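Structure first, then comments.
Lettered A, B, C and D in written order, each chain numbered from 1.
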């Protein structure tokens, strides 16, 4: 649809999130915050200023009681195949160039112009409004996997990329192939912690990985597919109203998730 | 040559021009940019070897079997323990942020004694322990003078605390914080059985949860979630149905096949109406009181069901059809916020398992035999007093203890009519708080003895409420030394005991746990390295509890009042724990915004109460009141208002103090007919716009 | 008139030239010296002596089981040999008495310091000789002076990004941002 | 007391009055400066920007002043390249206005980025695919061109001009001004277009995104046209404002009307294509994203009235007014049309900046609203005050208006 081409990779990390299994407990958000060293915020209820690389949205079928239903939708970065954020960055602080297809974000390069935030329709990118100041002592519990970012730069979910690097090192150490990791050898913190296993993670291109088939399931859909950004995060729900909330249908009135694979 | 103005200007211009041909500016710009990547006030991340150490993370009520990830020996994250049946690799949201809690600003850093209203002074452990021994010595042997409140449901620490009290001549002074284990065990007794009930969710093909928030805050939530996950493979057909009947469309019901909005005042009526419909659809059982039960249930007609619940009778019909079609249905009865429901609500729900012949079956309800004790002198868990009744007696002067030991509990915050409870605590001359955090109770205590964080201590968990089989977990410290100047409360009590001349047979909690493991028949080392011991659950000839149910009260209609449904969300914290720093993000801005907590209600209820979205309101119940803002939420049952528990702290840290209001304040306690239990699950409140 | 103006211009250029030259001297000679602070290692560690005992790099700088690189060894490793003084070098005595016995880790200065935002896998570079990137320490008896940039905090001797990029480019390895940053 | 510094043969107000005026403006400037220091010290957390509105008043302000400053390059282009000699009467003013607008915009940009220390990364680590890179380079280069155009004007100040070297320098720069005007026109066309492209390429933002032909060359030229459709008339408005303020005649009405005609013609072309663009967007592009025209608007704050005001009231109406000679030749009508025109273009920039990112695209998301806070207003005000200061000094001491002497005899 858009003029940009989708860059292909031999390994394409992706997620399939089963919305019928997500209870919205928040463990993924907590694990994400821990893994990525996000400082606790004095007023975390101000969602306009919080940093939540992984954010659990609440979806409603908008029906009155007793027919009301809700669903929870965890939203990491979609790691779009055709990202809106990458080409706009004036200083190459973000790219999608590495085998695996993860959209990077490099804090020491970022100048904080926020053009990428304006570009991302998923609100997956966050600006560091303040320096990451932890309560005294809590910096000892920082994760070694993500550098602490100064204020004034943009950051986002990167599928816990350091875990990818560590998984490759482990494969090398054990004599395996770092370019073809086994299913489960590399897991982002959210997928690892999820108590209901709602998040399945793996290589979308590798038939030995569960996500390969799951992403093709009849109930699979992606968010805002019509915009042509080709997210690498898929959602699954047996509930039609949930699937319908994955994209805009007001113009056509079509129900369900119509596929626009290209 | 003198330097005139013009010459000076030229010199400067020359200098500037020359500088352009040196690295000063360019290197300066580059180094400044690099400096901006590594500002001194931005923390550095730790380096070192990353390891994962098994631990028992008793931060959530049932405790998670986790692996603590450490870097250079210091914990930074927790992941599930795939080898442990209680975790199967999952972690609850609280335990996922456990490492950060080690450094919570609310942690008590050293022993402290009170030196004035709200003022404390750090003291040495030897002085603190001497103070404790001195107080206990002066009241030793005087029955009624020493009491203890424990907020730990599963630890063998309870045996030590209660055995110590017995030794001091105060066997009846042992109280526990409210929880379902207590009322459910009473309920089993009313049904002619014995033991703690268990629920085999993993084996059931239909799980009807009446109140019990089993996939978030009720029971062994991670094990429950894993059982749910196993029956709901992504991309394939589900092998079990989950149905939730409760006051709020909560986390559990968001993934259920069916949600039935039942006001908290109509729980028993719902269960009995379902029993009636099942009997009418042909359900029979061999229980001796089936006849009485049938007659009793017959009163709960579909019309009565509609009136009590506000639901349509078709919903009941649909439910019966689902249950009839299921091979292994299971009913879990519990309060939607894990406490305050009477034994009768439990009996009404559990009787459905008896009616359906599901007791002792795979995927059914089980009864767990009492676990062997490590200390013979310890009180049976079921025999303990409930802390709420005890403090109510203290308030009225019926009980007048001089020394109160508070172990892992926060009665000043987490008991119904919390303000009155906090006041009652004031009637006790000497209060000792064994607490990891500076909670509301600690701020009222005369002596604070900091307890270790779960990663810093030995601890165990016997039969967390809800497990289908007898289950025992134990853990040892996951780090070399504690972050703060703490001592294990059990070690402190054991030492105090020996100074008082009471040898309980152990010197440390670790020894107690090892003895417990031996008594249970488990291997401590296996447990401490992340394993679990499980025994067999049993059935038992349970009756339908008809005699007890006959006394079930009929909900009274009160036009002005609406039912209050307190909601627990594990991520927001527990009775013992204010929202941990790593969980703050999970609170929605429709639950808490700034300092305002929201009260949730459906549009019809809002209309009835004359309030609209965003209105500030005052809710009054008993002698307490809380303030909140209205959020219209169609997921709340008719004539019910829902509010999150765990907010409105007056202690803790900058993240939680003064945020929202404490719903415990407006829970009203009443006596349950025929059981002598205190109940508050059916509290009603009045709502007024302010 | 024309000539006079020119002449005046000549004489007037002198201050400019002086300023220009002064700036050049300051910028090329003084500045590089001023911007770095000089530090010496807390213990005079001799790689040479260790190499002469038959140790190679991997004897002390090991990989862990998960493929991560242990880097500079900790007391645990050093104490395998130096729990007590075994030689006659005074530096060893300093190490044993001040660190090995007290359990305090040596705050070694790391010439190849990389900031937190860099992730480097020694495992991925295992096929290269250590000396492709590190100086050949085997012959080094006294650790070199450590130059630390006063503004950025970087070691002067460390590898900057362009070197990594050049080698990656020459060897056809990806230069995508995430390959080296975290 | 500073009479000796005045341009030849003109009258200026007393120094005391001037000092008072400057003090008044400086107060605004200093308040903005304070806000700027706060922003540099604490970061842009002190502004009203948030997770949903990464762009706000500052970017709107930047885009608007760059459009309004377009009078400089376009008038220069007409004067030096197309040799419309009459424009010499106002060309100096367009240069000063342009300089103020561009230098001000660059200053705002350094505040707007989260890491000002790294501002130079834009030049050193450019991403050639980013429209913003193009904008950064062109604005910087064009700002330098404006400096080059402004310098001879400064050198024409009476005292400076008496120094032979400076006199010759100014003279030589003047001679070659056509070259700079050409470079300026080239650079400006690029970045005015790129500014539109900045939004036009946002694939994830249907309000701004344009596909294929509609992004290049369409959107690029729409933005160029919209800028030249308002820049010249903005200069006229500035000139007229100065005349009212000083009570002196500065530029003859014939020149002003000519500028009005130029702007009007460009605006008419622009608005014609803008209408086509909007129509194609609403009927072709939007439905392809599953969204409707109605979904692009919300309540009053983001209501449809904004778009109608932009295109009809402040687009079509002033276009007609400016191209109709009888209306254009009526001073009141000319100025009214000019004001409407400038409002329309500013509104356009606002909508592309704020409305674009306000629209919730995820169907389960909700509209959020944005209001700039004091820090953003104060710093934007600082730039305006800076403009007033530069303009006041230039007017008082530099021979900006060649006709002034004759017209005020």
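Note that in this section contacts are C-beta pairs under 8 Å (C-beta built on N, C-alpha and C of every residue); 3 or more make two chains touch, one makes a residue touch a chain.
Nothing here was measured: the structure is a model prediction, and the numbers come from that model.
A.B. asks: Name the chain pair with more contacting C-beta pairs, choosing from A-B and A-C.
C.D. replies: By the number of C-beta pairs in contact, the winner is A-B.
A.B. asks: Measuring from CA centroids, which chain ends up nearest the centre of the complete protein set?
C.D. replies: Central chain: A.
A.B. asks: Centre-to-centre on C-alpha atoms, which chain is most distant from chain D?
C.D. replies: The most distant chain relative to chain D turns out to be B.
A.B. asks: Find the geometric centre of each of chain A and chain B from their Cα atoms only, then give the gap between the two centres in Å, rounded to an integer.
C.D. replies: Whole-Å distance between the two chain centres: 31.
A.B. asks: If you average the CA atoms of chain C and of chain D, how many Å lie between those two points?
C.D. replies: So the centroids are 50 Å from each other.
A.B. asks: Quick check: how many Å separate the C-alpha centres of chain A and chain C?
C.D. replies: Centres of chain A and chain C (C-alpha means) sit 37 Å apart.
A.B. asks: Using Cα averages as centroids, what's the distance between chain A and chain D in whole Å?
C.D. replies: It comes to 39 Å between the two C-alpha centres.
A.B. asks: Scan chain B for residues touching two or more other chains and write them down.
C.D. replies: Each of 32, 34-37, 44-45, 47, 50 in chain B touches at least two other chains.
A.B. asks: Residues touching two or more other chains, restricted to chain A: which are they?
C.D. replies: Residues 47, 50, 58, 60, 92, 107-109, 131, 145-148, 150.
A.B. asks: Please list all residues of chain C that touch 2 or more other chains.
C.D. replies: 66, 68, 115-117
A.B. asks: What kind of graph do the touching chains make: line, ring, star, complete, other?
C.D. replies: Topology of touching chains reads as other, fitting no named class.
A.B. asks: Provide the residue numbers of chain B that touch chain D in the complex, in ascending order.
C.D. replies: Contacts found on chain B: 29, 32-33, 35-36.
A.B. asks: List the residues on chain A that touch chain C in their complex, please.
C.D. replies: For this pair, the touching residues of chain A are 92-95, 97-99, 102, 104, 106-109, 145-148, 158, 161-162, 165-166, 168-174, 178.
A.B. asks: In their shared complex, at which residues does chain C touch chain A?
C.D. replies: 63, 65-68, 115-117, 119, 121, 123-124, 126, 174-179, 181-182
A.B. asks: Tell me, which parts of chain B touch chain A in their complex?
C.D. replies: Where chain B meets chain A, its residues are 34, 36-37, 39, 41-48, 50, 71, 74-77, 79-80, 89-93, 96-97, 99-100, 102-105, 215-216, 221-222, 225-226, 228-229, 232, 234-235, 249, 251-252, 254-255, 259-261, 310-312, 315, 483, 569-571, 581-590, 592-594, 602-604, 634-638, 653-655, 659.
A.B. asks: Taking the complex as given, what residues does chain D use to touch chain A?
C.D. replies: Interface residues on the chain D side: 43-45, 49-52, 54-55, 112-115, 118-119, 121-122, 125-127, 129-133, 136, 198, 201-206, 211-212, 215, 286-292, 294-295, 356-357, 361-365, 368.
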